[in-house]
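Two complexes come next, and they have one chain in common, chain A, joined by chain B in the first and chain C in the second.
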Partner chain A sequence: MSAGGPTPPTKPQVRALNCPHCGAALTLRSFNNAVTIVCESCHSILDAKDPNLQVLQQFKASADEKPLIPLGSRGKIRGTEYEAIGFQRRTIHVDGEPYSWHEYVLFNPYKGFRYLTEYNGHWNDVSTLKALPEQVPNSSPPKVRYLGETYRHFQTAKAGTSFVLGEFPWQVRVGEADVVTDYVSPPRVLSSEKTGSEVNWSMGEYMSGKDIWRAFRLPGDPPEPIGVYENQPSPLTSDTMSIWVAFAAFALALVVMMIGFDLTADKREIFNGYYKFDSNKRGDASFVTDEFTLSGHTSNVEVNTSTDLNNRWVYLNYALINVDTGQAFDFGREVSYYHGYDSDGSWSEGSANDSVAVPKVPAGRYYLRVEPEGDPGYGVTYYTVNVKRDVPQYSLYALALGALLLPAILLTWRTLSFEHMRWSESDHPPIKWGNDE
Partner chain B sequence: MSQPSSTCPNCGAPIVFRWSSSVQTVCDYCKSILVRSDLDLKKVGQVADLPPDSSPIQIGTEGVFNHKPFTAIGRIVYEYDQGTWNEWHLVMNDGSSGWLSDAQDQYGVSFAAPGRHLPEAGNFEVGEPFVWDNVTYSVSTITNAHYRGVEGELPFQYWDKTDVVFVDLLSESGKFATIDYSDEKPALYLGEMVEFENLSLKNLRQFEGWS
Partner chain C sequence: MIRILYIIYGTAVLLGLGVAQYQGWSLATVNEVKNVPRSVRDNPGSYRSVYSAYHHYTGGK
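So, the complex of A and B:
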């Protein structure tokens, strides 16, 4: 047996190195996974695979970027601890305007690499895909499917690396650009990145700055997000859904109530009288009807008037009077019916019949006092007065339904305007609403 | 006698086979590459120092794939432009052998799929589709790799290599395929990309500062 024995397994350690260009201290945090490492002090991009850390590129930083998550800090993302080890700024140009976002490389020695992106305070947790998304044929705008979910094309742009810091598991260079295509299905985004002939797919899931701050225990507050981000979940979508569900539930309850009340309502005819009113006759035309009894619980009383009016009007002053207490319900009804022909054809206005509900009438013995009025000279009008007890009033249900519908419509409108803001930033802006100038 | 044991013809150290079908192994002590022929062990080469790597897998790591427990008993190390990657040789509890590839902590488990029609090495295009066992795969990467070394037990002789070409293909269902052009006859491996946590790995390597 040899004296040395088998080679014991080595325990990888974080390596401390020095930049061959400026001598500044460097830390290699991803063990042997790093391909390039960037010196923080002199911005030299170094070959992490080379024992001498050969300088591959040097870049001038127009503005020194400071990562919001300091490199070396650790945080828990979806239950796994990761260390922030790399940082880059990437820039796209849309209509000549530069737009920049930041990418953080996260590392765990068992789970490997994961990424965070940040744009205007919007964050995404990004990991590489294990399967290829499926192109949906003949879709416009283009769509892809992944794990049963459909993603809609948002934007294709050439993204250049404009600033780098820390270490990367790939060959990173400032100035190099890849074509990045995003497909969204909030809160997720699928991104394809084309490098040479290779296409790499990744999936991002929207995270709030607050979640990032909590995960990495960062001091202070995260920057407030500006605008609506491509895969930002609409804060209203779930509310909108639930308000419609609530609306449907209430509407159903109303219908059930309506049917219930309609079935149980008395709708009993209590009184019916047939009268004649002669407007040519002078003097007081008022009279009282026979007594009738309203029984049961306090409920409404419907008074229906049917006349034989023809191009005339009549006004009826009603009083429903309790025989025992003297309590009176006063109401006046104008009944008028006109019709004829003109250049537009036949027309009519009003109705010869009228119906009114007197609410909350207690049980008891009642009579009606009726005082008809009309233009003198019109002559005789025949009419019937019909009294019904406990008649369901459908207009109330319609009112309630309308009151419920209003907030649902408002919320839906706000959701639509959120989606409008999202898609205005895409390659497929919605048709403009009104004038944006 | 599931673990035939022998001694290293070079240094005399004990050689224990964890798998009865292993064809090749490396002496833990003197790093001689040993090939089994009948009852004899013959030294065919010597492993130079393996490059430092930071795979969390090591010889003896145990795990589960598709409800089948496995043990990593050997590996082949390759070098490519992103560093090195490992093809860990797995022995499944049913006696078959499989491979766990680990490149920058991205994991895939695959099995040799002989007897399928394979294209000639050379003119591949990224995105080109191939169908095996009713699954459509499309070429995702063509890797020009360099053989760096071996460790432990392998199901075949594998030691005298230099430059090798691998063609990796992905499907829409998370299945992947690799065509290995390191031998005269190309070899196909079919498998699945896997999440680290789904492999239920035990006896992993430790990392300074991580638990």
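So, the complex of A and C:
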């Protein structure tokens, strides 16, 4: 897209002309700012600066393209009313595949030209730059800076004009090709178009189809966007950032809670007993402990078992029984400890000690029923049973941390997937995972 | 919107954690039994633990 400044007419009016090739009526909407005008009937490109409208080129359109914004439509873009006066289709080829987008030339007699581009339902509001962007030295992929913002190279391709309609403020020709280079910083894109030694820069800003439809009061709904466009802003980027900030605050609160509960928890030893279990002895090995009192609010009871096991196991059936209510908390604990040495070196498995927290035990008088089991022939095992009240459970903090992390990770993954989709269409695709090549 | 939902969710998680810690929740598997007879105190062998029939690991490499 190349354009000069507009020449505002003293009295805006539409000029009525006829095509010198087919005689069809032509409408000139941009007054003497148009350089070329295309006849809709015979697809002749005419010299709008020539009083006789000299035919510059004729092209054959395989199928007539209908602009989504009909030429002559007027709409407000950023507070200024523009009229759609020109339309072209441009095509690039990547790996032999053609990719086409559409460009609309908009005109306001006082503000000049502006452009809209559309690709697969993605729209950009484009205007030419008044200053040149600066190349960022030694950047890979290449970057440019413009008005303090850095833009990353997205794609360079040779774009050919494959269809034109209406008026253009430059010498448009079907078949002509420019080298188009895009640099992105969503929601903006900087584009350079190089024709010979001439380079034109423009800036596009992503717009939704709904905004375009509203601006031009177009009937129906705009086409749904397909895929992720090069400068399409990620709908999740700001949410992801704010969720990580919120996560940091929650993690801090979690640490404060952990310290608070740790300082205020009772953690008092209620009972301690030392026992002997002989697995060679026949008969019932079960016994009960002395009574002990659990005080305070409903809380957990930690039962710790310490043994002298050595390449053996013991299974302890525990029941924490309330003397007064008959309520029992029944649980079994296997304690096993094995170790040795083989061709891989020394190894060990399990532990001679065990700890379990019995949840939500009300206050009251309790005793433990203990029934040890073991393989006959193991002999004597000495073990200690230690009971503590109201012991903080760090596994719950780990669970809570996981629950807080999960949404943040999922959202980050979705954001990264969005960026992955964006850049997979670029000259700098992300590394492909798997063997899909 | 997502941020607000996350703040509500995170607050609920922390409140749940506070309640769990205060009431002494744990991840241990414990079977609660009602009305255990007082006679167990004098005759421990009369109590039948639900875990006693479990297969026990005999371990070792």
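Please note the rule applied: the second predicted complex is superposed on the first by the 377 of 437 C-alpha atoms of A that agree within 3 Å, B and C clash if a C-alpha of one lies under 4 Å from a C-alpha of the other, contacts with A are read in each partner's own complex, and residues count from 1 in each chain.
Everything that follows uses one rule, which is that a contact is a pair of C-beta atoms (placed from the backbone, for glycine too) under 8 Å apart; a residue touches a chain by one contact, two chains touch by 3 or more.
Here the structure is a predicted model, which is why all the values come from computation and not from measurement.
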Which of chain B and chain C A:S395 touches, first, second, both or neither: second
Which of chain B and chain C A:L132 touches, first, second, both or neither: first
First, second, both or neither for A:S30, with chain B first and chain C second: first
Contacts of A:E224 with chain B and chain C, given as first, second, both or neither: neither
Partner touching more residues of chain A, whether chain B or chain C: C
First (chain B), second (chain C), both or neither touched by A:E198: first
Chain B versus chain C as contact partner of A:N108, first or second or both or neither: first
First (chain B), second (chain C), both or neither touched by A:D342: second
Touched partner set for A:E97, first chain B, second chain C, both or neither: neither
Residues of chain C that touch chain A when the two form their complex: 2-3, 6-7, 9-10, 13-14, 16-18, 20-38, 40-41, 44-45, 47, 49-52, 54, 56-61
Chain C partner contacts - residues on chain A that touch it in the complex: 236, 239, 242-243, 246-247, 250, 253-254, 257, 261, 284, 286-288, 297-301, 311, 313, 315, 317-319, 321, 323, 326-332, 334, 336, 338, 340, 342, 347, 349-350, 356-361, 367, 369, 371, 373, 375, 390, 392-393, 395-397, 399-400, 403-404, 407-408, 411
Complex contact set, residues of chain B against chain A: 11-14, 28-30, 51-54, 56, 58, 81-84, 104-106, 125-127, 138, 140-141, 170-175, 193-197, 204-210
Residues of chain A that touch chain B when the two form their complex: 1-2, 4-7, 9-14, 30-33, 35, 49, 81, 108-113, 128, 130-134, 169-171, 197-199
